[in-house]
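Paired with chain B in one complex and with chain C in the other, chain A is shared by the two complexes that follow.
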Partner chain A sequence: MPATARRRGGRAAFALLPFGVLITAFLLIPTVSLLWGSFHDSRTGAFTLGNYSYLSHPLDLVPFRNSLELSLASTIVGGILGLLIAQAIVSSRRPLIQEIATTFSSVAANFAGVPLAFAFIATLGAQGLVTRQFFNVTHFDLYIDGGFKLYSVLGLTIVYAYWEIPLMVLVMLPPLQAMKASWREAAEILGASKWQYMRSVAIPILFTPVVSSLLLLYANAFGAYATAYGLTTGFVPLVPIEISNLINGDVNHDPGAADALAMGLAVIMAICIGGRVLLERRSSKWLASR
Partner chain B sequence: MAYDPLLARIDQLSSSYTNRQIDRRQFLKGLAFLGLSLPAINLIVTACSTASSTAGASAMVGGASAAGLTSLIAAAKGEGSVYQTGIPPEWVNYQAIFDLWKADYGITINGTSTEGEYSSGQELDSIKNTGKPDVGDVGIAFAVQAKTGGLSMPYKNSHWSDIPDTAKDADGYWCCNYWGAQAFVVNTDAVKIPIKDWKDLLDPSLKNAVGIDGDPTKANDSFFAVWSAAVGNGGGVDNIQPGIDFMNQLQASGNLTAARASDTNIQSGEVKVAIKWDYLGLAVRDKAAGAPNISVTIPSSGSLASPYADIVAAKAPHPNAAKLWQELIYSDDAQLLFLKGYAHPIRYDVLNAGGKIPADLAAKLPSPDLYKKVTLVTDITKITAAQTTLGTGWKIVINS
Partner chain C sequence: MSGSSISGEATEEAMEALAAGAPAARAYRRTHKRSTRSPLWAIIVLVLATVYFLLPLYATGVFGFSTGKAFTLQPLFDALGDDGFHSALILSLTYSVITTILAIAVVAPTAYLVELRFQRLRSTVEFLTILPFVIPPIILAVGLSNVYGINSPVNLLSSDWAPVLLYGGYFVLTLPFVFRAIDNALRAVDVKMLSEASASLGASPTRTFLQVIVPSISLGLVSGALLAFTTAMGEFTLAALLGYPTFPVYLLNINGYEAHIGEALVLVSFLITWAGVVALAAVARRAPGTQIVRGGPM
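Then we have the complex of A and B:
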C-alpha cells in the first residue's frame, strides 16, 4: 500500500474516533450491561434465566401485544396521512406553503410527553373541550354513549398520530421532491397512462423510502413512554411503561426483569433500524443521483 | 474541632442544668443571653429535659444529651449543607420546613429540585450509586430495605419516646414521621349523590368518574387505594384480594377512569371522585377554593393509613447535618407544619394532649371520629404479601 493511502486511512480512522467514543458510551456499553443484567438476578447477582419469564406467561406478554398494536395502528394512520400531506406539499409548488408546512411539521413531530397528554385530556378527555362541544351540538356523549376512551389503545393511537403524521411528512419530503418531472414527461411521451407511470416508475422508486420511513415511525411509537404514561398512568400496559415500573416502582422493583424486557424492546428496535438501513442503501442509488 | 467559646458556654450551661445546678428559668435566660434563636433554645431545652429525666439510662445513639445536641448543631453548621432525596418542597408542607431549617440553622439544602420527586426505589438507588444524599423520605417498606441493605445509619432523635413502637426501628435505622389515610376526594359540583363508602363508587351515575393516583404497582398512593378498598369489601390488612376484586368490579362497571387523580385532573373534573391520600385531597380542596367545590371524606367502613419514614444515609457526606435534620422534623414546630400541610404528624397525640394544636388549624381538618376506623400499616411482611398479590392481580384488572 502506498504511504499516502495509508496516511489517508489513518486520518479517516482518527476522524471517526469521536463517533466511536459516542457509540461505545451510549450504545455498546449500555447494550452489554442490559444483556448482562437480563441474565442475572438483581438481588443475588447469580446467573438466571428467570428474568425472561415474560416470554412464557401470556399475561406478561400483554404489554408487547399492546405496544405492537399501538405502534402498528399509529404507523398506518401516520404513514398514510403523512404521505398524502407530503405529496400535497410537494405538488403545491408554492415555496411559502412548503416552508410553513415543513416548519410546523418539525415542531409538531417533537411535541410529545406530558404536555401533549395534557393537551389531549383538555380536548378529548371526558370533560375535554371537543367532547363537551360535540355533546352540546349532537347530544351524543362520546364517552357515555359512544364508549370512547382517550385512555385506551385507540385513544393512544390518535395521540401518537399527532407526531407520527408530521414525522412522516418530514422524512418523505426529500424523496418526493427528488422525483424528477422529466421521468413523468418521458413516460407520457412514450404513451404511458397515469397508472402505468405510478406502477412502473413512481412506486418502485418510492417503495424503499416509504417502507423505511414506516419502520422509523414504528420504532418511534414503540419506544415512546412519557406521553403514554402521562395519559394512562399505566392502565394500558406498554413495554416502555412496564420497564419503568420495574425500575422505579414502589411495588414491583426488579431491575433484572426490566433488563430482560428492554432486551425484547432492543430486538424489535434493531429489526426496525436494521431494515431501514438496508432499504436506505437500495433507494439512495436512485434518489441521490439528481 | 476548633475551640468555640459560644459552644463551650452552651455546654457549660447545659451540664449545669442537667445536673440541676441551675433551674429552667436561669438556663433559658443564659441561652437567650448567648443570642441563640428560639427554636434552637427549644431544641436544647427539650434535649436536656430528656437527658435529666432519663438520667442513668444508657445514652441514646445521639441527640438526646444537650452537649450532644449543641455540638451537633455546630458540627452541622460546619458541614454547611445537607443533601436530600425524595423530599419535594410542595409535599406535605416541606417548603415551610425548609424555610424553618434555613431560618434556624442557615444550612443550605441541596437536591430539592433534582431528586425531590424521586420515588422511594430511586432514592435508595441514588444513595447506593451516587453517595450524595444525606437524608431521604421513603415508604416504610423501603426504610426496612435500606436497613437490611446497609444504606441507612442509626440515629434516634430527641423525641424517640413519643413515637409508637410500631412506627420506629428498634435500633434507630428509620423512624416514621407522618402518615396519611386513604380518602375520597369528591367534586361535589359534579357528583350529586353522597359518597360515603366504597359501594357508593359503583353508582351508575359515576361513569369514567372514579380515579386513583397513578399505577398501583408503581405508586404507593394508588397501591394503598386498592388495598384500602379491601377494608370495605371483606378483606383488610391481611388480605388485599377483595380490594383488587373491587377495582375489577369498578373497571367492569365503566366507572374507573385511567386518567390520573392528579390535582389538574381533579380540578378540571376529568376525575370526579379520587381515591387518594387525605392530605393531598385537603390540599387540592384548598387550592381549588370552590372551583370546583371539593369535599374530603374517609370511607365509613374504613381505610388504611401509611406512614413515611426518614432515613439517614449510611455514607452521608454530611452526617451531622443529616442528624440535625432529624431533630428538626420531629420538633414541635416542624410537626405542626406537617399538620398544617394536612399530614398527620407522628407526634400528633403528644401535641394534642399538650394543647399545642391551634384551634383554627384543627377546624380545617376532618373530624377525628372519621379516622377511628383507619388502620396504620407498618408491618413489612404484610405489605410485601399485599404487593406480591397485587403484582399479578393488577394485570388482570387493567387487561380485562
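Then we have the complex of A and C:
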C-alpha cells in the first residue's frame, strides 16, 4: 500500500509539471534576467552599477517623479471619490441602484487601456466634446487659454480616475455593507455622538480595508502602460513609458537601463502588493462574519 | 448606562444586548425607525458620478457614430470592410481562446492537487500566483524580450515559434484571476471526501478529477475562463511590445488615420467588456464570492 501511495504521489507531482514549467519559463526566468541584466552592461556583459545611474541623476528621476505624482494624485482622487460613492450606494438603500452601480463599476474598472484613452480624447482632447462645448458657452479654450493638456499629469489623473474610482467602489462595498446598523445603534444607546462612533467604531474597523485598497489603487496607477501610451504615444515621461522607449526605441535602445528601471518599478509594486497581503492577513474579524 | 466615552468592551456588550433583544434595544428601535428613503447627499453623489462616467461614452458615441449632424453606422461598416480589422480581430480571438484553454487546463489540476495532496506547497503556489501583480505587463515584456527576444539564443519571436511567447506571457498575466476563481470553487466543496469516495468506488485519479471534481467546480472554471478570455482580449502591453498585431494594437493604429472608425470601435470594445462583466455577474449570482473585476495594472 505505501508503495502504491508513493507511486500515486509521484504521478500527482508529475501533473504539477506543466504549471511549474510555464511559471519557470515565462515568469521566474524573465524576472531573474531583469535582476541580472540590471547589474550588467548590455554591450560588454561586465558587471556595472551604471544602469542604476538614474537614481543619482535628478534629470533621469523625472519619470519616477511623474509616475509618483500621477499615482498619488489618482489614488487620492480615486480613493476619496470611490469611498464617497460606495457609501452613497450603501446609503441609497435601493437594491436596484446597488446592482446597477456594482455592474457598471465592474465594467468601468475593467475598461482601461487604449479604448479608455480614445474615449477621453473624444471628451477632453483639444477637439473633444467637452472642450468645444465649454468654449461655446464660456469662450474660454481649455487648451489655448487654460493651458490644459490631456497628456499631462493632470489630464492623466482625470483619465486614471475612470478606473480607480470604480475599483475603490468595488473593493470598499463589501466592508461598508458589513458595517452592521446595530453597531451604530449600540453606540448611540451608549450615548456616543456621531463623531465618537466614527472615531471609535467605524474608522478602526474600516482602516485596514481602506489602506489596503489605496495600495491597490497606487500599484495599478504606477504600473499602467496601455492607457498612458494610448493618450500620450510616449510623450509624457512616466516609468512604464520610459521602459518601453528603452527596449523599443532606435535612438536610446538600452536593455540594461530598461532592466534597472523595471526593477525600480517592481520594487514599488512589491511594496504595495506586499503591504496589501500583510494587511489582508490581519484583516479585521468584525468584517469576516456577516 | 450613560457615559460620553465608549470603549471596545462596552460596544461589544451593547451588541450582545441588542442580539438578545434587550428592552433598551427594543425601545431604541421603536423610536429610531430606519428611514427607507435615500438620503439627498447620496442621490447627488450618484448623479454626479453617473455624469462623469457616461460623458466619455457619450462623447465617443458622438465622434464615432455621427456625420456631424445625423446618426450613422458607417464607421462600423468601414471597420468591417477593413482587412486589418478582420485579421486583428481573428488574431485576438484565437489568442484569447487558446490562452483560456491553456490557463484552465493547467491551473485546474494544479489547484486541485495542491488542495488535495500538496498542502505544504500551498503558500509557494499562492505566492507564485500573486507574483504577476508585482511584475505587471510592462515589466514582463522587458523580461520576456531579454530571454526570448531577437538577440537571445532562444528566439521565440521567430516565425517558427509563432505566438508561443504570447501564450506564455498571457498564461502568467491571467494566472492570478484564474487561480483564485478555481481555488475558491475548490475550497467550497469537500475535495478530500469527494476524491476518497470516488477512489473507493474504483475510479482512477484522472477519472475522479474529470468526472467528479470538474463538474462540482464548474462555476469556478467558467468564471476563471471568462476572466482569462477578457484579459487576453483587451491586453495591449505585451502584444504591442512583443510585436503581435492584436485588436487593441490595431485600435491604436487605426485611430491615427481613421479616427471615426477608432472611436466607433472603442464603443464596441466597451460593449465587449460589458458583456464579459454581465456574464461574470450571472455566474457570481449562482456562486457568491466570484470575482468580477480583475484589478491589475493594464
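Convention: the second predicted complex is superposed on the first by the 259 of 290 C-alpha atoms of A that agree within 3 Å, B and C clash if a C-alpha of one lies under 4 Å from a C-alpha of the other, contacts with A are read in each partner's own complex, and residues count from 1 in each chain.
Here, contacts are C-beta pairs under 8 Å (C-beta built on N, C-alpha and C of every residue); 3 or more make two chains touch, one makes a residue touch a chain.
Just so it is clear, the model here is predicted, and its values are computed rather than measured.
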Fit or clash - chain C, chain B, common chain A:
clash
Applying the touch criterion given at the start, work out whether A:225 contacts chain B, chain C, both or neither, answering first, second, both or neither.
second
Contact-wise, after the overlay, does A:182 reach chain B, chain C, both or neither (first, second, both, neither)?
second
Examine A:144 and indicate which partner it touches, taking first as chain B and second as chain C; both and neither are also allowed.
first
Who does A:118 touch here: chain B (first), chain C (second), both, or neither?
both
Touched partner set for A:210, first chain B, second chain C, both or neither:
neither
Answer with first, second, both or neither: which of chain B and chain C does A:168 touch in the superposed model?
neither
Counting residues of chain A in contact, which comes out ahead: chain B or chain C?
C
Of the partners chain B and chain C, which touch A:248 in the superposed model: first, second, both, neither?
both
Where chain A meets both chain C and chain B, residue numbers:
118, 122, 128, 244, 247-248
Listed in rising order, the residues of chain B that touch chain A in the complex are 119-122, 139, 141-142, 207-209, 214-220, 222-223, 257-260, 264-265, 268-270, 387, 390-392, 395-396, 398-399
Using the touch rule from the top, collect the residues of chain C that touch chain A in their complex.
1-8, 10-11, 14-15, 17-19, 24-25, 28-29, 32, 34, 36-39, 41-43, 45-46, 49, 53, 55-60, 62-64, 106-107, 109-110, 113, 117-118, 121, 128, 130-147, 168-169, 171-172, 175, 205, 230, 234, 236-237, 240-241, 248, 251-252, 255, 262-263, 265-266, 269-270, 273-274, 276-278, 280-281, 292-298
Over in the complex, which chain A residues touch chain C? Could you list them?
8-9, 11-13, 15-16, 18-19, 22-23, 25-27, 29-31, 33-34, 37, 81, 84-85, 87-89, 91-94, 97, 101-116, 118-120, 122-123, 128-130, 162-163, 165-167, 170-171, 181-183, 185-193, 196, 200-201, 216, 219-227, 229-230, 240, 243-244, 247-248, 255, 258-259, 262, 265-266, 269-270, 273-274, 277
Which residues, counting only chain A, touch chain B once they are in their complex?
59-60, 62, 118, 121-122, 125-128, 143-144, 149, 151-152, 231-237, 241, 244-245, 247-253
